[in-house]
């Protein structure tokens, strides 16, 4: 299993889609910086050059931590799930398409260990992606915007319904928690993509099916008319990861929704492994 | 105890109502170079995939190197090497890196071993090139190299010459012979190239529409029946006379001669019958069939036979 | 096989964990309270009109309907905003049939006034100076043996977040100066924009000022009407009743939607607490 993990790590490190995901995230951070800068310039009447770093009289109002929070929240909804679906969806279907799956499956390796090693590597990749992205945002925030406490306001993030504040050191820890809770939430998508990767013969189909399913629930779950359906969508449960940014983390509900995500992950993996173990490899 | 390295027992595979492999019982003995023949879609690849555990049989049993594949597939797979159809590799890695990876999946291999198999397949000079720049023949040879890496007792090669040019086919034939002669491997070879199979294999199995229609040595298959070229006067009458005999299979070659397929012991009887009826027998010569002719005869469908007749 | 068994165990564990940590379970436990003290019912209502009218202050013709709603829900005290003056208060008290006593704040620099109506005949009223205008505080008893209660009727500036912040600050300072043991409620139309999604942006002061003003109030008070929903048209929750964070148990919080009369743009907010 360890050898298998090392091989999967080697493959994932050399995978172009993995490289692409990291490069895109770097581009996204640049775009966010540019977006916030031009937004500030527009809203402050062209004084952003002086005020962007320390906006208005308070350093705490908009700072590097706020920037990182916005950037992470915005990208988590769509960008990062796409990368996770892309990498996870290619795991089985990609090898089936290139023919390497049949080469692997005639080696003395159980299909369960093949599948699990691939999933564990996807999980590792997901964590790396989250940690890298959060770290990059904090770094960009520190360099270009400035440091301070994390001020929370009701608004586009839909995170809190009353203003709050997290002190700087505590906020940094919250970002660390977010890298873990975010990874756990994204593993739901990874598990679904792995299931589709077993069911479909091409990585494109597996990725598109995963993203379509995610977007369908994500979009419907955000339409007010269908509010009553929201509790039944896995995308709603995935939102638990954001709770780490609430001034006081609601641990009870955090564990509850985290557990539901866990049930999705392990249930989907169990189903995928059962299908994969019995699947005829005809590619 | 049986010395079979591969044994299938009434192996059947159905995809919904379509029967792809139908109650197939094969036996590959240790030391064989076993040719596995059949037309496209006859069920060869499905049978090989079932033998290797890639496809689950609908019914029947596979024993590979003495292990029941439904119970202990990994024990058997540890002792075999295989190429199924075109060998596939991670194209962006070098041949060497690919071999390292596949070796790791079989418990690892030392550098010397990798160098040795590269020498066997003649790829050592190009081992560090990325696989994407390899020719088809080089990929096939790399495929054989990966199959040889775990020092297997039994190698399954599914269409190893598929897509190769004549030079590549020749090289592959030499390579397979080396595997038998130098490494003493048992080899199962599935191929369309009957001349190659005839040259290399000692035993064959022929399947058609998923059913086994012959299994045994090539000599036995070829010696079983003989085609006689028969040149007589009143050829139409001779055709009518002989075609009524159920032990004979007669076909006409224009107005000149007849081809009669019969057992060897029937030859003098046919000759006596013709002479007795007053025919002038001008030529009665045995035509030894090639494997290809036998294969075509055995696997051609009734419609084709009808058209030829 | 072991891997499948492990996954099945983890799956079951997650399901159990989800049930164990179900937030509703904790809520229901918290909601259980063995005994209740005496109940106090408070209402706040901005009876002014929407901007569409020439005079956006309360209309005298609506006061009978306002009185009927008050009588229906029977609060112990009511904070009212945007009366045009003392005259309207008298008319309203008249419609209430003498069941309430009341007073209006000094107009200050505004054209409209805040009022408080209370059932307690011995209630005292006091103007509270905040940001150049006046709120009104009423001090009363629910029962003689219970602690004194103060209800402040407030109306913060509708157009300037900075002024709302200053107003709130001075109001809180006044409430902090009340004698120890007094139970203070601050009710009224604060016009806070703390839940807007698209009207504010990161580089405006409004959100910051309102957020800080609201946070400042929450430092000393509890937002009792928080779960009752919007109190004004256009999905805004701008009317509040703030109460002591620990000394009272919230029993009811309700926005009386549909109670608006004429072109009023606010609904009354009613809360009931156990002391």
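Chains: A, B and C, in written order; residue numbering restarts at 1 for each.
By definition in this document, a residue touches a chain if its C-beta (ideal position, glycine included) is under 8 Å from a C-beta of that chain, and two chains touch if they have at least 3 such contacts.
Just so it is clear, the model here is predicted, and its values are computed rather than measured.
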{"item": "Each chain counted as touching chain A and chain B at once", "value": "none"}
{"item": "Most centrally placed chain - per-chain CA mean versus overall CA mean", "value": "A"}
{"item": "Reference chain B; chain at largest CA-centroid distance", "value": "C"}
{"item": "Between chain A and chain B, centroid-to-centroid distance (C-alpha), Å", "value": "52"}
{"item": "Centre-to-centre distance between chain C and chain B (centres being mean Cα positions), rounded to whole Å", "value": "89"}
{"item": "CA centroid of chain A to CA centroid of chain C, Å", "value": "40"}
{"item": "Chain A-touching residues of chain B, taken from the complex the two chains share", "value": "49, 52-56, 74-75, 77-78, 80, 82, 84-93, 101-102, 104-108, 146"}
{"item": "Residues of chain C defined as touching chain A within the complex", "value": "3-4, 7-8, 10-11, 13-15, 17-18, 20-23, 26, 194-198, 200-205, 207-208, 211-212, 214-215, 218, 223, 226"}
{"item": "Residue ranges of chain A in contact with chain C within the complex", "value": "36, 39-40, 43-44, 51, 55-56, 58, 61-62, 66, 112-113, 116, 151, 153-156, 158, 161-165, 250, 252-253, 255-257, 259-260, 262-263, 265-267, 269-270, 273-274"}
{"item": "Chain A residues touching chain B - in the complex, by the definition given at the top", "value": "3-4, 6-7, 10-11, 14, 98-100, 102-110, 278, 280-282"}
